[in-house]
Amino acid sequence: MSAFDPVLLFFLLGLTAGLLRSELRLPAAVYELVSMLLLLSIGLKGGVELARQPFGALALQALAVMAMGSLLPLVAYPVLRFMGRFPRADAASIAAHYGSVSVATYAVATTYFTSRQIEFEAHMPFLLAVLEIPAILVGIVLARGLSRDIRLGSIAHETLLGKGIVLLVGGLVIGWASGTDGIAPMKPLFFDLFKGILALFLLEMGLITAAQFGSLRRYGLFLVLFGIGMPLFSSVVGIALGYGLGLSLGGTAMLAILAASASYIAVPAAMRISVPEANPTLSLAASLGVTFPFNVLVGIPLYHAMTVKVFALAGG
Amino acid sequence: MSAFDPVLLFFLLGLTAGLLRSELRLPAAVYELVSMLLLLSIGLKGGVELARQPFGALALQALAVMAMGSLLPLVAYPVLRFMGRFPRADAASIAAHYGSVSVATYAVATTYFTSRQIEFEAHMPFLLAVLEIPAILVGIVLARGLSRDIRLGSIAHETLLGKGIVLLVGGLVIGWASGTDGIAPMKPLFFDLFKGILALFLLEMGLITAAQFGSLRRYGLFLVLFGIGMPLFSSVVGIALGYGLGLSLGGTAMLAILAASASYIAVPAAMRISVPEANPTLSLAASLGVTFPFNVLVGIPLYHAMTVKVFALAGG
Amino acid sequence: MSAFDPVLLFFLLGLTAGLLRSELRLPAAVYELVSMLLLLSIGLKGGVELARQPFGALALQALAVMAMGSLLPLVAYPVLRFMGRFPRADAASIAAHYGSVSVATYAVATTYFTSRQIEFEAHMPFLLAVLEIPAILVGIVLARGLSRDIRLGSIAHETLLGKGIVLLVGGLVIGWASGTDGIAPMKPLFFDLFKGILALFLLEMGLITAAQFGSLRRYGLFLVLFGIGMPLFSSVVGIALGYGLGLSLGGTAMLAILAASASYIAVPAAMRISVPEANPTLSLAASLGVTFPFNVLVGIPLYHAMTVKVFALAGG
Amino acid sequence: MNSSMRKLLTVITEAALESVLTKDLERLGVHGYTVTDARGKGSRGTRNAAWGESSNIRVEIVCDATVAETIATHLQTRYYDNYAMILFVSDVAVLRPGKF
Amino acid sequence: MNSSMRKLLTVITEAALESVLTKDLERLGVHGYTVTDARGKGSRGTRNAAWGESSNIRVEIVCDATVAETIATHLQTRYYDNYAMILFVSDVAVLRPGKF
Amino acid sequence: MNSSMRKLLTVITEAALESVLTKDLERLGVHGYTVTDARGKGSRGTRNAAWGESSNIRVEIVCDATVAETIATHLQTRYYDNYAMILFVSDVAVLRPGKF
């Protein structure tokens, strides 16, 4: 058996095919179907769990996680602006990407944890959803400043109705309302096929990642360093928060992974409209070209190992 | 567990997303794939059963059901024309929609019945197929009159070769020819995934339904009343016929549901070509905007309850 | 249970619908998804096996099979050129189609063998991949001659990066690297759904085949005779080679089927670019309009029976 | 390049009309046509292609002025009242005028 | 056919702009528009539609010269600097000029 | 708006040609192009896009008259005899002529 989980081999297959300029590609409609299925199954799985959680604990975790999502961009911004010498809009936009999350990274993490029987709070998808938005608003404020009227309300509204959130939250609600038995008849599509669907998705992710390397070469070393350094920092924040919230070891590692992951769907879409002067290829080169591969290939095991260390030290 | 079957929650999710103007939508290709899978699995399931049925009984049921499909539009037409004051073409077109059937409604009904262990004649899909066409021809005659040559033959031919019928009938034939064992290896795709696929389909149905509400507001109250009143009436006819044909309680309730359901695929397509002066948004507003949600949310349990009553009274 | 395997009934359904000019068709995106899934599952299945094979044996088989793939077009060409009176480019292009392979035919064969518990070397997909390319190069040389520089290298490169090869070989490598246990979690998508997916694929193949009949009528009898005669000849070569390589009875029959099958994806694409003056409708009419249906409906059982005979004679 | 002028007739209408429309075109003697899928908005409301019923097609025909006129008149009399449809004509230069 | 001349304004830009763009168009008083999906290459690099982010749309508006000018100016001032976008205008003959 | 005239060259051909064609275009010095998927019918029969082999693409290039001519000649000599292909040219007004 290979060093990598097979789904990662699909990512590498896509990456290789892309770099070799193969004509392989998933039709847009298939890519959408596959991401819809991933979002729904993640949501449903998490929703079933939600019912079992005390509301108080959930609210507290949600608030804490939102705070983290707003804080991380505030850390990333100055680094990008002053060390990276990026224009204000670009720095703000990239920062927003790193404050938000990547569902694909979470999906890979779940298969990593499951195959190693690492337990984690099953309502994580709820925190995943909660973590998606705040960074976007912070990013816009960083770009525009609070002074000028920027209708954060309508932007939040726009973003909340984005495809990704609707499916993730919709899945959470349906899972929560239906419970395990209610969901059972849909298990074959949403749960049994999960890993195969994820493999297809990662195949396309590999192709998309390969397409980013060109721009990476153009924008140079700093972006690469940032794309690796930032998630490392975020993962530490995530571990601290998870530990502080009293999450399990697995839950803490998972929160570290969420913190370390960078958005490439919700945030780019929002930034394109709200901060148009930001160059979208920059943020995607960093988040898709560097951080995503780093996280799925190296980060996930690493953040987990770090968490184990922390719990060991703390434990005794 | 929630009041609604989870698949209906997907419908409500789509409906909500649509009303909130979310950008969520199934790619056209995915919508087609999903409907193809539903039609094929319904057909296959029914076909396997057909082999077991005596030809005589089937022929009788088919004829009776065709008669019902031709009669219902004749009832709907005057109501629409004289009470609703609709132009002739519109009245005829809407009437045709209500004489035909909705496969999606049938699919929801099967999950409702299955989850409650309500038995019904497994060859129902055969009657479903039979019920699809007659109303179309009646509708065209109502709009054009018999006088003028309207090549009903070629129209029937056209309609019989429509995507929906070909897949449904094709599934019936393949199921009939292959039998349970022959179909077995295809079970994972066509049967195990059924409920998940139906959930995706209903998600899109919700979005489409939401899009109808606008036109509903325009065309006003009568259409809403008709969209609820007509299925109620049809369900009674369906129960009477089912009982008359000596179907089981479940089969009778299912026939009532078929009678009450209104087409939104085969009929609109046929009407658009054969009765072009009929306004398609009218019929879709009624059949998708009112009748479909009413049937899946309220009608199915209601018609079943009515059937139970009838069988109780008749029984004793 | 019917004379035909149910998946073939889907082919016949598509064929009938196509000949009756039904509007039924798989959306292009769905057709692509379905073929991707077939290629990946065939590759994965074969790859898992590869690990178990001694490299030496594999290399030998690969070379022998490549030789066959290069030889068959050399036999087909003169027949087409001098008996069929086809222009040089057309003769070369058609010949190339018959030297290469059809994945769909292989997929149907596996279901045929499996349902009859006929064992065959599980690394066949490896030979399938190996067999795809050589005929293309031979065909180009036949059309252009070796004299003029035709950059066979870049052509091979182009072809090796074609969608089909990348997915098939990618699947092989991933399967080889992951092993049975590694693949297991993806089994529901790639293996359990296989036969259902194949059914959808054959439905579309039926529609495409029907579309070829028109051109067949135009190009007349010779193409039909060639489309049946050539695979018969190739199957004999395949049996001889399989027997010579010491493959099992099933493996030998499978090699005969590969030899007899004609490409309709990799080769047409390559020829269109490298031998543009060849009329693509000719080759597709033969390979899709005649040989594919002949092979899946008649050839597979026939070639298997022939192999049984040979093994019986040889055996005793 | 020795080019000569032709008309490019563009028709945007309901996808449901594709088969009848192309049959008409062939009857009216065009040498070819091109169809692309589209969505849009007009006097008959939004047609967002969310599903078959509500999607548009965009049909282009390169032909000479007379054929263009015949087609335009035919479509106008036959479909304009009952279907979502617009058409417009522009001048294009083509090579191998024989083809059109 | 008694036709009269209008302008056909074609805009090719990022798919991400579709909803805002069509809102703008309606505000600027067009009677309709048609959208098709596209991919392409320009000064902002290749947009191969491999996924949402990188796909284009092709928007056509038939309108009179004044509206065409208003739209062109609006798009140029509002979007040209920050978005992949080109636009071009041609003359077309339409029937029922009232529609446009 | 201060606009200036350019040529809009539209090529409709087999999807199989997309990559070679766009390579050619870049070599011939165009600043950009737009591709949409299409189906249709012509002298080489119906291409209904039922599957890859039989689908068309519609390529648009906005450029000056000279480049348009170069491309047209190149395509005609290189592809016309062996591929399903038509092309036509029309006049368009563009803003920021520098782009094209």
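Brief remarks on what is shown
Note that the chains take the letters A, B, C, D, E and F in the order they are written out, and that residue 1 is the start of every chain.
Throughout what follows, contacts are C-beta pairs under 8 Å (C-beta built on N, C-alpha and C of every residue); 3 or more make two chains touch, one makes a residue touch a chain.
Remember, predicted model here, so these are calculated numbers, not experimental data.
Chains making contact with chain B as well as with chain D: none in this assembly. Least step count on the touch graph, chain B to chain C: 1.
The most distant chain from chain E is C, comparing centres defined as mean Cα coordinates. When every chain is reduced to the mean of its CA atoms, the largest separation from chain F belongs to B.
Interface comparison, A-C versus C-F: the pair with the greater number of contacting C-beta pairs is A-C. The angle needed to superpose chain A on chain B by their Cα atoms is 120 degrees, rounded to the nearest 5.
Annotation: the chain D:chain F pair of sequence copies touches via predominantly different residues, less than half of the used numbers being shared.
Centre-to-centre separation between chain D and chain E, using Cα means, comes to 19 Å.
Chain geometry summary: the mean Cα position of chain B and that of chain F are 46 Å apart.
Centres computed as Cα averages put chain A at a distance of 40 Å from chain F.
Shared contact sites, meaning residues of chain A that touch two or more other chains, fall at 23, 27-30, 33, 188, 192-193. Residues of chain D in contact with two or more other chains: 36-37, 90-91.
Pairwise, the chains that make contact are A-B, A-C, A-E, B-C, B-D, C-F, D-E, D-F, E-F.
Listing the residues of chain A that touch chain E in their complex gives 25, 28, 31, 204, 207-208, 211, 265, 268-269, 272-273, 276-277, 280-281, 284. By the touch criterion stated above, chain B contacts chain C in their complex at residues 27-30, 32-33, 36, 161-163, 166-167, 170, 173-174, 177-179, 181-183, 185-190, 193. By the touch rule above, chain E contacts chain A in their complex via residues 14, 16, 20, 45, 48-55, 79, 81-83.
On the side of chain D, the complex with chain E involves touching residues 10, 12, 36-43, 56, 58, 69, 72-73, 76, 80, 86-91. Within the complex formed with chain B, the chain C residues making contact are 1-2, 4-7, 9-10, 13, 17, 20-24, 26-30, 33, 111, 115, 188, 192-193, 195-197, 199-200.
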